[in-house]
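Shared chain: subunit A. Partners: subunit B in the first complex, subunit C in the second.
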Partner chain A sequence: MKKVGPGMLIVSAIALLFLVAPIFVAIPLAFSNARTLIFPPPGWSLMWFEAFFKRPDFVKGLRISLVSATASTILVTLIAGITAYGVVHMHGTKKRLVSLLLNVPLLIPVLVIGIAMLFFLARLRLSGTLPGLILGQVMLCLPLVFLIILAALENYNPNLEDAAASLGAPPLLVFREAVLPQVTTGLAAGAALAFITSMADTTMSLFLRGPGATPLPAAMIAYMRARIDPMIGSSAVIFLCISIVFLIIINRLIGFEAVMGVREE
Partner chain B sequence: MYLELNHLSKRYDNVVAIDDVSLSIAQGEFVTFLGPSGSGKSTILRMIAGFTRSDSGYIKLNGELIQEKPPYKRNLGIVFQDYSLFPHMTVQQNVAFGLRMRKVSKEEQARRVADALETVRLSGYEKRLPNQLSGGQRQRVALARAIVIEPLVLLLDEPLGALDRKLREEMQIELRRIHEALGVTTIFVTHDQEEALTMSDRVAILSGGQLHQMGTPYGVYERPATDFVADFLGRANLLQLAVVACEDSLIKAKLPGGSLISVPAIGEVATQDDIQVLVRPEHISFYPPAGDTPCNTVECAVERISYHGSGAYAILNGPGDVQLIAYISARELAEHGEAHQGQRITVYWPISASTILSRRA
Partner chain C sequence: MTQSKSSLIKKRIVEAQWTDPMVLFRRLAVAPAVLLTVIFFVLPIMRLAQISFFRNVAGGLMEPAASLENYTAFLGDPYYLTTLGQTLLYGVIVSLLCLLLGFPLSYTMVRIQTRAKPLLLGIILYPLLTNALVLVFAWLVIFGYQGPINKLLLFLVPSAEPLRIIGTPTAIIISMTHAGLPFMVLPLMAAISNIPVSLEDAAASLGASRAAIMTQIVIPLAMPGILGGCLIAFTSVLSGFLFPLYLGSNATNILPLQIYEKVSEAANWPFGAAITFIVLLMTLILIGMGTLGKDLVARLARSSD
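== the complex of A and B ==
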């Protein structure tokens, strides 16, 4: 462990407070018994959760969010994982060029990608459908997830594959014994990021939603156009719970430190 | 021969990594590949291991063509320069890996792993992870992992490169001891010429993807085949001479400054040829050799004396801008006193100590 000075500690505390404070406003609101947004809430109840689950558009939106986020997470993690695996086996200019190209989408505002996706999906006759929405979220997450996985594979040692092979491991066992143990951490971190980004995505959803493909954030925006009430808080809490459940599942699979990029030395 | 490489060549885009290399190695031999960085040592090793395919040529191991065999069927033990231990496995699991792949029973695995760890003197470290070991210990684990499968050939790619000098010398002795104990055919890669000369039965000297010479340490040092080999191994005086007379066993040739030199004749050399001749610094002396050994003599001026361990290198200016390096042992220095800069001096070397390297018509 490195020594942390008091100055560093104060700065970290302020940054943390700043990051976390909004959550501490949203959570109490969710349990308010008021009809309007009042903070702090005058009393407590679960009425806004009840109201949330009574709205068919929200329940359906939640289901669509879960389905599309799961699908795009699987797709993105696979694509980004295989790409990053390829890139760590490249050298020199080729490596830099491919990494650069895959990061270019990060420079383009989601709004622009959303519009482009809209036209693209219309051509494929996929606009307003669930596959279209999933494709959009894949587009959204891919560069980010690729970056995370590539960073996690920085210490990837391709020689381990040769070492395993020379010791008698056929290709499938090389993959299981020498590749997988080196990449699971990166893949898990990538999957976590993909899932949370897809779940929370609003911009892309607004472009790509349709009758059978309106995820929760898009449904909430539509609702909030008419009124603003503590329902926002309760849906925020539901989102939070889903994210936490997802992280717990991944944690169960491979360890929390790995996902959050914290490692004991 | 046990292992034969035949006319191997390999290009990468615009680099020729291996250029028509042929060599053969007998069973149980300890052979070193020596060459500067980028000379193709690792590439040849990777070809033998099956990680890299040659563009042309073939490899025969124990009478069998292994070109089409994937690495996992070749049964070779490899130690990589970075050791490449599996970081998520303990020492025990690392060493047992090859046995597990061969579906050896648990009891036999345990027994053979213990044997291998004993051979590399690392018993008691079974439960450690690689990152809890020192560099030298990791190196031993890598070696144990490679020998435990009883490989046909042991391939060591600069296994001592990452160690400090003292540990390096210890491991050199260890490696020879293990080689003698197991008798396994071993190819050892290094770019350290001293290491190559002290450790090997034979040395293969590579440069620019070409095999320059393969021979015993004494042979490649005293009778180098090319000027590259002469220069790469130790320090060398490479004299450019013009042949003036050829006798049966002796060639008389002229230095640019006009001094006449005698060289033992080898190959076809004719009058008027330009030849290049090697004389090792340790054969050049300030004093005539004892007895009546036939000698060459050259008049020089001392330019600089640099002390070096057990003796000194004298940089000398001969006639016609020829520069010579002589190695003067401490004993000679003690007996005859130090030479000083600018001093005029006659140097001697036995005629038999000069070797013709190349001939240009």
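== the complex of A and C ==
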């Protein structure tokens, strides 16, 4: 007997088409030669990409987005990696409490976290600055990246460290030979997820923006106040390309099943 | 016996090595993320609660106070109460639609064997991992006067008037269901992947129909995932201010948009903080209900044995 019935398959196909539809609309429109959001486009051109790269606020916004995403990726991977290493060596109630605390932010709406962050950073005079934006994105990524790295460390064997140390290896050698090879994949997957999450962020980008730090999503929203034209589509294509490239990297590294917590048969 | 003895010896060694840099590093390694979460998650939430009791002063300033006026202003104004009701309504509708689409999709994705699986999983995950403005832009095109829906309509019925979709609840519900669907599929796939196929095979070999297998085996066992998925899909509606901002109208106002407007446009932080805190309370109530629901499901499952 076939495992999945025809009804299930039909609904699944509809759901997948629904999920993928925006991509097939947003990408062609970025290459449109029309001034309005006419679909399908009457003709093709690169004029909207040209317009994008001629606007200083968009180019600067893209640079700030890339800088803050890179910085938050490095920070969050280090922090989540070190903490996951500590949690792997913990047991019992303490381990459960630490995991719980680090996972709670995943249940709270991102908007609530963003507003709370804005109020708190404003008190520290950090809102509207690049460090503030980076900090906001670090907090956005931290629970996710911690979860991914911890999941990748599921088969981590702490005995290798002890064995190496008991044979007289100095700590740095232990780290390089017994720890690092076991955690590299998890860290890389965590870093890719952190970068993608920071680039996908609109909440922190909007609320923590400032005169010196206006990331691309904030610049786009300022532009969209006046008009919405295919130039927004060219930014959309840039964002989509980044997401797709890093999705492929994550899939190559640990597979989507591991990200989704799905047990493979 | 040797196992416990060796672990005891190991424990003694570890205790004796407090000064060992490796052991010290292991013990301190948990600190960075824990400290960061306390300072930049717990403290900001407390600051949010504090500001919600402050008073707004003209010119975007605020005055420290311990007043309930933001909350009484919210609860005393039918406009905000309607918005609150509408938020709950959209949350329920979006969660149910996500479940209707997400359950078959999750089941198929777990049980099907195909080489295209990574591609299909990528299609499921990308809305979570791409900028929400990309999706907003795509929906603006799809729902627009010159978009594919209206083009198709005019092609089929040349005399028809173009449909106005942007600004209607339909636009909000469709875009939010799209954004919420991956959130529904994640916990559902995890839950369904924990159900052994052998259970379904056994039931089928005993003559159970597909419908019976679904309603009596898969759905009850996947219930924690269903509850979790509905909870997160609902929560995603509570974050979604961009969809009503660009695809909505006055008739589709929801609390996230109110928060954005009060904090970003009107610069009334205390009132924005109060609405944000109300949204946080709604989330906590939902989490509580979800936990109770899971307990109830577990108890029902035990009593039916």
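By our rule, the second predicted complex is superposed on the first by the 216 of 265 C-alpha atoms of A that agree within 3 Å, B and C clash if a C-alpha of one lies under 4 Å from a C-alpha of the other, contacts with A are read in each partner's own complex, and residues count from 1 in each chain.
Just so we're on the same page, a residue touches a chain if its C-beta (ideal position, glycine included) is under 8 Å from a C-beta of that chain, and two chains touch if they have at least 3 such contacts.
Remember, it's a predicted structure, so these values are computed and weren't measured experimentally.
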Which of subunit B and subunit C A:Pro181 touches, first, second, both or neither: first
First, second, both or neither for A:Leu173, with subunit B first and subunit C second: first
Touched partner set for A:Phe18, first subunit B, second subunit C, both or neither: second
Which of subunit B and subunit C A:Ala163 touches, first, second, both or neither: first
Partner chain in contact with A:Ala226 - subunit B first, subunit C second, else both or neither: neither
Most subunit A residues touched (candidates subunit B, subunit C): C
Contact residues of subunit A, present in both the subunit B and the subunit C interface: 162, 165, 171, 174
Contacting residues of subunit A [partner subunit B, same complex]: 157, 159-160, 162-171, 173-174, 177-178, 181
Interfacial residue positions of subunit C with respect to subunit A in the complex: 10, 21-22, 25-34, 36-38, 40-41, 43-45, 47-48, 51, 100-102, 104-105, 107-112, 118, 120-135, 137-142, 144, 146-148, 151, 178, 181-182, 185-186, 189-190, 193-194, 197, 200, 204, 210, 231-232, 235-236, 238-242, 246, 256, 259-260, 263-264, 269, 272-273, 276, 279-280, 283, 287
In the complex, subunit A residues that touch subunit C: 1, 3-5, 7-9, 11-12, 14-16, 18-23, 25-26, 29, 36-40, 78-80, 82-83, 85-87, 89-90, 98, 101-102, 104-105, 107-113, 115-121, 123, 135, 138-139, 142, 146, 161-162, 165, 171, 174, 193, 196-197, 199-203, 206-207, 217, 220-221, 224, 228, 232-233, 235-236, 239-240, 243-244, 246-248, 251, 255-257, 259-265
Subunit B residues within the subunit A interface of the complex: 49-51, 70-78, 80, 82, 84-86, 88, 97-98, 101-102, 145, 149
